[in-house]
Amino acid sequence: MDKTKKKIYEIIFEADTPGGKFFDVALLFVIILSVALVLLESVPSIRDNHQHLLRILEWGITIIFSIEYLLRIAIIKKPLSYIFSFYGIIDLLSVLPTYIGLVIAGSHSLVVIRILRLLRVFRILKLTRYTQAGRTLVKAIWHSREKISVFIFFITMLVIIIGTIMYLVEGPEHGFTSIPGGIYWAIVTLTTVGYGDISPETPMGQFLASIVMIMGYAIIAVPTGIVTAEMINPTSEKNTQVCPQCLHSSHDDDAVFCKKCGSLLNPEA
Amino acid sequence: MDKTKKKIYEIIFEADTPGGKFFDVALLFVIILSVALVLLESVPSIRDNHQHLLRILEWGITIIFSIEYLLRIAIIKKPLSYIFSFYGIIDLLSVLPTYIGLVIAGSHSLVVIRILRLLRVFRILKLTRYTQAGRTLVKAIWHSREKISVFIFFITMLVIIIGTIMYLVEGPEHGFTSIPGGIYWAIVTLTTVGYGDISPETPMGQFLASIVMIMGYAIIAVPTGIVTAEMINPTSEKNTQVCPQCLHSSHDDDAVFCKKCGSLLNPEA
Amino acid sequence: MDKTKKKIYEIIFEADTPGGKFFDVALLFVIILSVALVLLESVPSIRDNHQHLLRILEWGITIIFSIEYLLRIAIIKKPLSYIFSFYGIIDLLSVLPTYIGLVIAGSHSLVVIRILRLLRVFRILKLTRYTQAGRTLVKAIWHSREKISVFIFFITMLVIIIGTIMYLVEGPEHGFTSIPGGIYWAIVTLTTVGYGDISPETPMGQFLASIVMIMGYAIIAVPTGIVTAEMINPTSEKNTQVCPQCLHSSHDDDAVFCKKCGSLLNPEA
Amino acid sequence: MDKTKKKIYEIIFEADTPGGKFFDVALLFVIILSVALVLLESVPSIRDNHQHLLRILEWGITIIFSIEYLLRIAIIKKPLSYIFSFYGIIDLLSVLPTYIGLVIAGSHSLVVIRILRLLRVFRILKLTRYTQAGRTLVKAIWHSREKISVFIFFITMLVIIIGTIMYLVEGPEHGFTSIPGGIYWAIVTLTTVGYGDISPETPMGQFLASIVMIMGYAIIAVPTGIVTAEMINPTSEKNTQVCPQCLHSSHDDDAVFCKKCGSLLNPEA
């Protein structure tokens, strides 16, 4: 009995054994299918013509996910800590809307919660070799968080001021009905998205817009510069290696001798 | 009496004491509220339906800012130098429009001046740890100012020439009513904003526009390259380490011996 | 006979002799002409007015390509391996549609297959000096493939979530008719393309869109950072210099002594 | 006489003396005014209402430029080599259209040639300190020309293929009237300009467009990477310093001793 339990544990929670790998790939396939189903169901023409097929598939997936959920609870040593963990809640939210839809009739908007199944993909991918590349990216962004915060704060100030000026210059008669509307336009323009739903019509407004666009063109260089600089010269997390002789710091992480005076960096080591 | 004055000074002008920190956070909250109020007041539906509430909040904030302004004048040693300083004028402009609106009826457009309250945020943030990150960014941009000036000058030349060509090729019948209009289109296109309010319709115009777009695509690399290069290899502000023997400069900041003739760089050190 | 064959081989397959170079340039010219012909033929006004000229040119090019194709088969030692190679199939597909159009009347849509002639350009360019620059670019992108995969995976997750939220917030009455439609909008916005065919109309939708745009503005820094970092510090393909004494790896390419223990890296050299 | 001539030469052609500097600034002002005049003249409302003022200003500027042109010819030693130089032709084209307009009535379209006056700005700026920054930028782009050519060639291939596919998928009924039209759309999309004048309407077209947009998002990293890499590690123009002892190359430009074996690099120097 205990052996079976351990085997199921290996299959469900780990990815080292052939069984575990097969389980992960199969689950990944079901998750993608279930997300595709939510997407297709939202298309009016598909929803109306294939209602029956969608329902069958939906129940099939819900039952698979339910069995998986119950198995996880049954196998793990501390079921409660799983149930209230991030992935535990996601797993529950993945199946709940379908069951609720059975009881309550008008719970249609709940159905979209099933899109959260998407997040289950991350659990499976956590175990793959792509994680290293992902971690490098996340670390580069994380180390730049202060610079990025300052940048976003600066952008926010800028679009409020630009939005207000454009509201005064163009006015409600040219589509700038309010300052928030002007700010929305400023963001659309500064980020070079440019929908064209609101666009300046007076010569003065077009002149100001031109300046904003060229600013946006130059400003985009800043986040790029931040992230690139961080990727090329990553901020060392423990750059605290100090020479005991000359107190010079800023050594490479793998340096053994001081690059300044040549004495051993960690004599006790 | 003098002790109370000193305490109030610490709270209002500094951020080291708990009282000073609380004052800063509270003021930040009021500023954000007051800016939000200006934004919301400009939305027609909100202005019409919640006129009474907006008025009460506006007067509450104006009174708080007025007390703060008078306190600053009363506490500081040189009131005049504060009154005519940048933040002194901003502080006054933050409250004045509301009082003027009381006296003169049709001074509605003045109301937008209150958006300048936004700038008061910078005084508070000056004291926080995010300033370091901000300074790094500003320094990188400042050191690139000559390259950025040349770039913007070049872009200006380019859009004037492109705008004129497109005015000749497309003409007023396809929305290019004047050369300035053509320049506006050139900026919208080159910066990849692309509103679509003016877009080429003749085959020749679309061909030229295609070239402009690919140029814009390549040109955007230039400001990015400038800022990134500056961030990775910051121009040293005191690269004045000169060899006392051969007078060779441009040594690394941590160099001890001259890389040209091998003599010690700082013999007295 | 054999000498003539060898000469033709040199002209057709190589680019070292004057004859070979001339053949390549002439062929390049014919390929560009033939592609231009396909493009022009698709323009309704040109197709209707110059039908006769287009037909003559098309047959001329088809005959030239046919002769070239037959010559290649006749000259090469292993005709079959050429016929079933990538360029062999492309060469056949370049001429086939014109002949089929002669036999079957309604095979008009086949005509577009002739655009594949474009790919023949790559065979000629394979022999030029631009290949080195191309290889550097491809190598930089290839070495970043894991990071780029993670990035595209992350973007896919993000646009599905954003698309679903916007579908719920804006709804079918503002153009977001389905979740796939919302995802399409999210991609249009996040990549800063911004057609404006679908754009948020509710204040809440515009607020969310603003956040998406600023995110897109920041996210664009990531692929740029990846590729730039790879171009500046290319991942060395043979970073396998290992110290024979302490087995420490990751030495610079031009290192002579181990930076860890100081012993010579290649004693036999 | 000769002394006066030399003085005028210094003022017109050089920028070292106070007189020369004043002349340059004054000329810059007149050039900007004259270009502004051409721009304003093209605006219908301004052209109709201020016809008289525009005419007077235009003739004033033309006379100033004519005097300057004649002075240059009179002062310089080899007038012919000036007349047929790049700037000589530009100078002539700057004044000719106004005189021709006097003789021939319907020569209105010639008027736009006056925009070439813009190019005269470069002659003046050639002498300023911004040139250094400009040269650095131009050099970075120039050294990347092979990589940029390959990139633009690749983009051209890509948009032809994408444009053809979209023409087949969407067809004339959704705005993709021809393959060149499809290519135009592909460029508008890939460069993230996104006018919205043509946008995919079928689900299949929108799906393909999504892929194109994400590709464009990733591709934009390539020119940025090229230029940034070139700016950070500029390709040395004479990286041919080879050690006469160990034949190791790739030394710094200012290196005196071989970094590999320590022997003098240029013994004869």
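Letters are used for the chains, namely A, B, C and D, taken in the order the chains are written, and counting of residues starts over at 1 for each.
Assume a contact is a pair of C-beta atoms (placed from the backbone, for glycine too) under 8 Å apart; a residue touches a chain by one contact, two chains touch by 3 or more.
All values derive from a computational prediction rather than experimental measurement.
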{"item": "Subunit C and subunit B - chains in contact with each", "value": "A, D"}
{"item": "Taking each chain's C-alpha mean as its centre, the one farthest from subunit C", "value": "B"}
{"item": "Self-contact between copies subunit A and subunit B, residue sets same or different by half", "value": "different"}
{"item": "From the options A-D, B-C or C-D, the pair that copies A-C, where over half of the contact pairs coincide", "value": "C-D"}
{"item": "CA centroid of subunit B to CA centroid of subunit D, Å", "value": "29"}
{"item": "Chain centre separation (subunit A, subunit D; CA means) in Å", "value": "41"}
{"item": "Residues within subunit B bordering two or more other chains", "value": "151, 180-181, 183, 192-196, 220, 224-226, 228, 232"}
{"item": "Arrangement of touching chains [line / ring / star / complete / other]", "value": "complete"}
{"item": "Touching residues on subunit A, where the partner in the complex is subunit B", "value": "146-147, 149-151, 153-154, 157, 160-161, 164, 167-168, 172, 177-181, 183, 189, 192-196, 199, 203, 206-207, 209-210, 213-214, 216-218, 220-222, 224-226, 228-229, 232-233, 248, 250, 260"}
{"item": "Of all residues in subunit D, those that touch subunit A in their complex", "value": "192-196, 224, 228"}
{"item": "Residues on subunit C engaged by subunit D in the complex (per definition of touch)", "value": "35, 38-40, 42-44, 109, 112, 115, 118, 121, 125, 129-130, 132-134, 136-137, 140-141, 148, 151-152, 155, 180-181, 183-184, 187-188, 190-197, 220, 223-224, 226-228, 230-232, 254, 256"}
